[in-house]
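Let me begin by handing over the structure; questions about it come next.
Chains here go by letter, A, B and C, matching the order in which they are written, and residues are numbered from 1 within each.
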Amino acid sequence: MADDILRIRTPIGIDYTWSSGPGSVVYMRGLENGKLIGRRCPACELVYFPPRNGICPRCGVLLAAEVEVGPRGTITTFCVVNVPFLGQTIKIPYVAATILLDGADIGMQHLIQECEAADVRMGMRVEPVWKDKSEWTPSLENIRYYKPTGEPDADFDVYARHL
Amino acid sequence: MRDVAIVAYIEGQNTSATTLSPVEMIVPVVHEILNRANVQRSDIDFWCHGSCDYMTGQPFSFVSAVDALGAWPPIMESHVEMDGAWALYEAWVKIQTGEANTALVFGNGKSSAGDMNRALTLQLDPYVVAPLWPGFRSLEAMGARAAIDAGTVTERQMADVVSRSLRDAADNPNVLAYGYRDADELLDEPMTANPLRAHDCPAMADGVAAIIMTTADRALEMCDRPAWIRGIDHRIDFQNLGLRDLSRSNSAALASYHAGVTKDKVDVAELHATYSHHEIILAQSMGIDRSTTRMMPSGGALVANPLMAAGLARFGQAARQIFKGNADRAVAHAAQGACLQQNIVAVLEGN
Amino acid sequence: MALHRCAVVGVGQTHHTSCRGDVSIAGLVREAVDRALLDANMTLADIDAIVIGKAPDMLEGVMMPELWLTDSLAASGKPLFRVHTAGSVGGSTAIVAAQHVMSGLHKRVLTIAFEKQSDGNAMWALSVPLPFSMPVHAGAGGYFSPIVRSYIRRSGAPSHIGAMVAVKDRTNALKNPYAHLHEDHWTLEKAMESPMLWDPIRFVETCPSSDGAIALVLASEDVADKMPGKKAWVHSTAMRSEPTMFAGRNQVSPRAGEMCAEDVFHKAGITDPLKQIDAVEMYVPFSWFEPMWLENLGFAPKDQGWRFVEDGVTEMTGALPVNASGGVLSSNPIGASGMLRFGEAALQVMGKAGEHQIEGARTALGHAYGGGSQFFAMWVVGSEKN
């Protein structure tokens, strides 16, 4: 009966072409070759990794010099994810951390594994575990996850201004 | 009302499919327009941006545009999910409150990122019309058919509009459709969406348009001949095509009346006519005499239509005619929605 | 200081809930609009202009839905304007609408914000994966939880503060018939046992997903003066933005928020916000943001916001009641949440907040934020003209 109809499903599909933009090419080519390439802002001289859009958002200018960063870094802060959600490809619980790579001035997001979630700490030193070279693409997904290095934790003062 | 003028206009390179990210498209335009007006970022009291998430396929796509502005220290800024021309309107209102004097407004879009004929259909009633995916071009063809049947537009007039636009495009390096053809040649072309031929439809583009506007005390510092906004107004019509007479545009007529278009002679009009018949419908509805007014000297949206920037570009192009002294009184117009549903009109004057 | 005065003369909202399957998007919007117009003793014909806001169009799958809503709002022939500034949009929309009056342009402006999350899939719409990036995020909670952890580390706040805020807001919501969540069983002890979803954020400390709408009728001074009912005078508005991420950015207490607060208080002539503000409607989608915003807005000294919570300052009976309505933690129709804060602040100074009325509230702050804590919108409203 028509008056029973309260809801209909109308799936929407549109395909989009996504451009990373030339500002990210150096970074992505670096990843393809197992290197972490950031770029320095010519105005504030800080190093961005990833160099999103090749722009320093604070100064509004194009980033310049290429700078190899990492591979090790420091966890500045993190989240233990216990909630499943659509499209999630990682088993819960997992730790999503903000990692300040050595030589970079801004943290980036990645996974922490080979360590209990409860043992992850702010200031913990970590290093990347890469996928097999044959699987490398121009993506940060080439790094499977980060794992603790066993080095002593960084002092809070060292990364406090990155929170 | 405070006197406000457009003092600078810059458009980015219109391309058919850029590989730049939206932020990379905006950065050089912002730099260039600040230079053009000879001002610093700190001189801008208010920034306003127009864009649309469905053009990039990403929610909150406008957020990254803030990266392009060098928004540090933090800025007074806003965003409209509308053509950049309405960002200009928000900035004009803000200046009228007295809380800002100088504003930079911009609109940007990457029409090439997805199938816009399909995406624009999502503007329609989501329960009973959009699921049919009518295609935006088909709706515009219905509008053209209604105007032809009502006797307000002829196919010959449409071809004349296209022919003139192609001729003017030769003088504009920033267009995507060019190559002059006369009306007879154009009328020999096949229909693509009867009664529309391919050339009656806009040349879709990826692009950015930016404008700086300011009050009387600074306008002459930034521009030799500012384009004073003497009237501005925007109006909307019902969306349902069955509730409208598609052979005219009530909202364009109302906006034109409130902006004061017919109070004096119009030297130049830059109308956001994305389909050839739009120009004829708009001119009739707005009270613009196409035989005495120079129509779209830039070539208009038919030869370069960067969605979400093309309307603001009409404001910029109209202002340019004042800057250059080609016109003393110009009309700028932008539209959005199917069949000229929503319209904004401004009258710009050099004196 | 704007050139013309503006007052809120009508407030209307829907009952917020997880799925309003009985109405269309247009029906939901009209419900709020009709209530606001009734409150202002006006009809749609009296309205000069309409300003609409909502969060991303992809939440419902309607592109620029105001174009379609024109029909159900009988807006043909009127100016209709659409704002979108991420999570702060409800607040920004009310501000843009107020400026239509404060500029002297219009006398009666209707402003609307809505979200019908059940018509789409918000978790999908907010987490569209980008090529070549690492998909580690898990919605808004995944984004904000590390920032909360930073706050806790910096301020030394004890773990129960987030739970205290949650219990307060859920308890306040019991006094608000429009709130989505009406849960009368929360105690601090039970809240502390709530599972960690995005550690350090517990389930109880997160907001629900709601369908809902709110509308305000704004009027110029001459129009408002002739109206017998109570009104809320807009003393000041302010907006500030900064980039999502840049080297050295303070994500816990963004500078844009501090500047926005300084501006909105300055323009309203407020020199001691803690003393002069009687009620705050603050955008708190995760409970820990209450102490964080108390500091950001200048109510509490740095690293001391949590002490206000612990001492009950922000309870309905405290010196600075925050979210007497139950706040975002009790109702979150995303695009409408900011305007709900602005509207609830207005209801407080109009003396029309019903059971959740703060006795004698004369000056109130409405606050909204969005994006990566980067877009801020605020207004101060008062029972008297400024």
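The definition used in the following text is that a contact is a pair of C-beta atoms (placed from the backbone, for glycine too) under 8 Å apart; a residue touches a chain by one contact, two chains touch by 3 or more.
Treat the numbers as computed from the prediction; the structure is a model and nothing was measured.
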| item | value |
| --- | --- |
| Closest chain to the centre of mass proxy, which here is the mean CA position | C |
| Chain pair, A-C or B-C, that carries the greater number of C-beta contacts | B-C |
| Centre-of-Cα separation between chain B and chain A, whole angstrom | 38 |
| Gap in Å, rounded to a whole number, between the CA centres of chain C and chain B | 33 |
| Multi-chain contact residues (two or more partners), chain B | 54, 57, 64, 66-67, 71-72, 119, 122, 126-127, 130 |
| Contacts with 2+ other chains: residues of chain A | 10, 12, 18, 20, 52, 57-58 |
| Residue numbers of chain C (touch at least two other chains) | 61, 130, 243-244, 246 |
| Chain A residues within the chain B interface of the complex | 8, 10, 12, 14-24, 52-55, 57-62 |
| Chain B-facing residues of chain C, complex | 1-4, 24-25, 56-65, 67-68, 70-71, 75-86, 92, 96, 99-100, 102-105, 119, 125-126, 128, 130, 238-244, 246, 254-256, 259-260, 371-372, 374-375 |
| Footprint of chain C on chain A - complex, ascending | 6-7, 10, 12, 18, 20, 28, 41, 44, 46-48, 52, 56-58, 76-83, 85-90, 93-94, 96-98, 105-106, 109-111, 117, 122, 137-141, 143, 156, 160-163 |
| Parts of chain B lying in touch with chain A, wherever the complex brings them together | 17-21, 23-24, 27, 30, 41, 54, 56-57, 64, 66-72, 112-115, 118-119, 122, 126-127, 130-131 |
| Chain B residues touching chain C - in the complex, by the definition given at the top | 1, 47, 52-54, 57-60, 62-64, 66-67, 71-82, 86, 89-90, 93-94, 96-99, 119-120, 122-127, 130, 233-240, 243, 250-251, 254, 336-338, 341-342 |
